[in-house]
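Listed next: structures, encoded as structure tokens.
Below are two complexes that have subunit A in common, paired first with subunit B and then with subunit C.
This part shows the complex of A and B:
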């Protein structure tokens, strides 16, 4: 610290410290902690108070709609178009009275969704196998708006339910505010099995698939009582990591000879032009590199048209539906992130060492195994980490290439949790878990390769 | 030298693999058909480029261009510029501060600081966007250009950090010491000796920061809220059910041309300097 003040003065040193502290705290650490808090918080709509609030709104809507309906005309009954979507659309549908009341001759009103949902016997969100209802849990009278009662009676019941629910809502909210809502439930949803409704034939086709067999073997798919279950979240996560690791290995195998060629096997004058050939595709905007592939893999794209013309296929192959296409484009998009770190380290190797090894009779294999690879190990490690992280976090490639035509990448799952189903608590849990898993993999890899973080500065 | 020939052939194949999609992109941008195609040639056209300056009436007359919103596209591009105007200087400041502390500050916290400052470069981009969204949302700032800037700075600042560190490690410290001994104030030394020494590195860091801010898609998508940037708007065009309009290929061709020209100029300049 004293050294710093001596070389930069008090003013500059404090500016440097302030900037780094802001960067570390406001941009890195605190946001991640907020994510952690969000991930540990139960989703708001699953709380008992939210369900009581939903009931209050439904009952109020029901009473209001019925109020306009006190003077029924013949036409109004037959159209029955009074069902107004309730504001609490996400509430759990009521379990009672699901038989359509319009089938009944004694019915006094048309089908009104809100009135059907206005029942104190409303199910609460609990763990599997532990059903709980609002009336049992909080000792409410069991009330519901009967479709065959006289209209004014129905309104009275609805108003009564509304008042009870409103009181309960305030009580529960006060109670929930004072107790902590933290828990690991959101993280558990990653491994939750989901029932897949499939016909027997579709199931047989799916079972015959090799990937399905592997997934069944590691317990991500199973069937119970003739129904198929998949742990979709975990399955997507596994698939994404598997593809990311494959992409990294493939990129390493593809890039090592290129880096060697540019760094050591070309005269420096020629190497400048080769470097140019690598820098140009590297510097072009990532999205454009992805879009460039669409005219190749389209249903009427280059490959399909060529195959059709040659008569090899009768119908275009749906490349967009194949996960392999996404894999290839990911390799194309991120492969150069492997070349440059390896090149940077490799080019520091003294060419005389290679000459000496050759003169002493080393074979090409031995030359690489004993001299070039050990020397470029930090570059290989950094290249692998960069490529793996880019491939694992890829969002643009699957989004643009697949257009939702095939199974998701984990980054898309996270996106959907946040922005499509609006469940940011679960989304936060997913993204945190994903970060931790990726960092653990990278940490393990760095430990195996004996890489230190400082190598990043040396290599880039 | 059989292996040598094999290596040469392999290098050419690799370069062909890297360039073929880009060349196809250039070709399709001149083909008068949407979605872009190389096999279905309907004649040379420049209208995918002309889209950006042609008259409103001509756009409305064209069946493909009609569905595109040029003003929105340009607005998003302006947004991108606004974002990078904030992101680039900010990340240079943060990167410089981080580089100085990491190279000069001998302390036990140094290792920890390494991990913290480099972790955004290692983390998947989507997570940075999300955490910025959640964190600023918690503080009452809605998603928009501001959250995009914050999310981008988080990792963009890492590039100046690494570039400036490499340069700082090579700085001859004697020069600084001598100036201090001769009675220059530390600020004066920083302004007259350290900054000029860092200038080339600062410039290249600024260019890299600008490019990565402009092209960033993954992080921006998650932090953007209702706002849009150049990259997200281009990404959004892939959602077009009839395939994306060749206008994107025209934009891509322009980007390719700029990149090639810049890279060639850079190579020629460095060669001339070397001589």
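This part shows the complex of A and C:
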């Protein structure tokens, strides 16, 4: 601190510190805290007040629909179970021609969803195995709109329910605002088993699959009472982590020789060209870089056309369905994050050590195993961590390459939770859990590789 | 361990960029010999060493170790071990693992490796340092680890690339004796590369003087120092006063040279004929006061005291620089600054054909 003041002066130092504080606060601490709060909060739609509010809206809609409903004078009406509340369409008596002599005075109106849902005996969202209803919970009269009652009676009941629900809604909201709604339910949904309806044949096909066997073995799939269940969230998470590790390993296998070549086995003048070749693809926008691959791997893409033309295959290969394709594109997309850390450390290796090892009779394998790899270990660790984190968080690659033809990656699941379904609390829980799990994996990896944090500074 | 002879048969090295580092050279190093190659930096001596160890492929000629042509053998297949200028110890391995690395590469079991490493560490007096990392050792100890590591693979030839240049003076002098000692004990052929003539002269059985990719002279230290055969040899090894001129008279072993500073008589080992361009070399220690022949009248420019010796720097009125190297006996305390008469006996002066001479410190500093 004092050194900084001496070097840059008070003004610049305070600007620097202010920038650091603003950055840490606005971009790290606050967003994470917001995310944490969101993850711990029950989704809004599960709150009792939301249910009361929903009931209020339903009852109001029901009353309004019924109000516009012109009673058929001839006492005959279609009983078609349509939820469409349009009065005009329904009131055409000639259409059905169905006279029901048994219902002379009791009027049969068409089915109206909102009226059906307008009941104080509405189920509340509770933990598994516990059932609770609005009327019991808050001591409401048990009211519901009976479809066979006279229309004005129905409207009256609906209005009554609306009024009760509105009152309850305001009361509950006030209560909920003052009490904490925090809980770990959102996190628990990651491991929640989901019933998968499948035919027996489809089930047999699925069971024969190796990945399915593995997933069954680790308890992510099971069958109970002849029904198949999958813990979809956890399954996607596990698969994504496994895929990310595979992609990282593939990147390491590809990048280690490149880094070695550039750092140690090439004269500096030639290494410039190799370096340039590595960097140029990064001048292209990431999405373009990924899209470029689709023209190669499509069913009518470069590879398939070539193989078809050469007569090597009869049917196009479905690259889009192969996880390997996603790995390859991830490696291509993030190759620099692996190459540069390894390159940077490797280039500090004294070439004399390589010659000394050779001179002492070391084979190429021995040379790498005992000299080059131990020296480059911090770079390998940092490269693996960077690539793993990028691969685990990869969104555009699996989405663009697989186009929905493969199981989604966890990043896609999180995205869907956030935006496609209005379920951002669960999305927040998913992403937080994912971050923590990735950190744990990275920590474990660093411990295994004996990497210290200061190695990061040495590498980059 | 048995040393083997090394034969260089017209070995030349030209790099892909066209630079010829070594002109075709023939050289024979005896088995068990301590052979030094002495030359200024960039003269090609390291290239010869790398060619022998296999890191450089000669563009012409062949290299034999014992009687075996090394033409298609890689560095890891030759019976040579190289000690690098910076030693190139493996910093992440312990001392004994460093020493045993060559055995590890040969698939020797861990227990045997350890035993051999301890044996060699005992040889270089480092038995108690086996489990340390090289970084924890002093310069001299690291030096000895490098030697032990090279000896562990039972090489027939040990190649040393200026291994003492990073050490301080006292340690360097000590390590010279130690290297010589180890070489005697093991009987391995040593090829020692250096630009330090002190090292080359004190340790070697024979010395090769090298300049600009060519070997100028091969001989014992005494031969090279006292009987140089080329101008470069005479000027690079030790110091020498130089008088440039032309032969005016030649008879038997002696010749007379005419310079702008006068006429002088000296040995004529190259049998130069009358009229040939020549340089006369006289060692500073052979210049004396009040000599009968070959006299020069000079004035004293500077007097440097080196403890037991005194260096006098003199200049003639014609501009010739003469340096004198005298034992510090206090005899010239009352020396006058002008009209100093010095000379040298003809038997101590050598006349050699003119050619490139070694650059002096002044030349290098002027660059």
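Keep in mind that, in the parts below, the second predicted complex is superposed on the first by the 404 of 460 C-alpha atoms of A that agree within 3 Å, B and C clash if a C-alpha of one lies under 4 Å from a C-alpha of the other, contacts with A are read in each partner's own complex, and residues count from 1 in each chain.
We adopt the following convention: a residue touches a chain if its C-beta (ideal position, glycine included) is under 8 Å from a C-beta of that chain, and two chains touch if they have at least 3 such contacts.
Owing to the predicted nature of the structure, the values given are computational and were not obtained by experimental measurement.
J.: Using the superposition on subunit A, decide if subunit B and subunit C clash or fit.
T.: Fit - subunit B and subunit C, as placed by superposing on subunit A, sit side by side.
J.: Could you tell me if A:371 is touching subunit B, subunit C, both of them or neither one (first, second, both, neither)?
T.: So A:371 only meets subunit C here.
J.: May I ask you to decide whether A:187 touches subunit B, subunit C, both, or neither, giving the answer as first, second, both or neither?
T.: The answer is neither, since A:187 touches no partner chain.
J.: By the touch definition at the top of the document, which applies to A:111: first (subunit B), second (subunit C), both, or neither?
T.: In the superposition, A:111 touches no partner, neither subunit B nor subunit C.
J.: Is the number of subunit A residues in contact higher for subunit B or for subunit C?
T.: Touching more residues of subunit A than the other partner does is B.
J.: So after superposition, what is the minimum Cα distance from subunit B to subunit C, given in Å?
T.: Between subunit B and subunit C, the shortest C-alpha distance works out to 8 Å.
J.: Once the complexes are superposed, what residues of subunit A are shared between the subunit B interface and the subunit C interface?
T.: none
J.: Which residues of subunit C touch subunit A in the complex?
T.: By the definition above, subunit C touches subunit A via 53-55, 74-77, 80-82, 84-86, 88-90, 92-93, 101-102, 104-106, 149-150, 152-153.
J.: Where on subunit A is subunit C touching in the complex?
T.: My answer: residues 350, 352-353, 355-363, 366, 370-371, 374-375.
J.: Note which residues of subunit B are touching subunit A in the complex, please.
T.: 3-4, 7-8, 10-11, 14-15, 17-19, 21-22, 24-25, 28, 35-40, 93-94, 96-98, 100-101, 104-107, 113-127, 130-132, 134-135, 138, 150, 153-154, 157, 162-163, 165-166, 169, 176, 180, 185-187, 189-190, 211, 214-215, 217-218, 221-222, 231, 234-235, 238-239, 243-244, 248-249, 251-252, 255-256, 259-260, 262-264, 267, 270-271
J.: Where on subunit A does subunit B make contact in their complex?
T.: 1, 3-9, 11-12, 15-20, 22-24, 26-32, 34-35, 38, 254, 257-258, 260-261, 265, 272-281, 283-289, 291-296, 298, 300-302, 305-306, 332, 335-336, 364, 385, 389, 392-396, 399-400, 403, 411, 414-415, 418, 424, 427-428, 431, 434-435, 438-439, 442, 453-454, 456-458, 460
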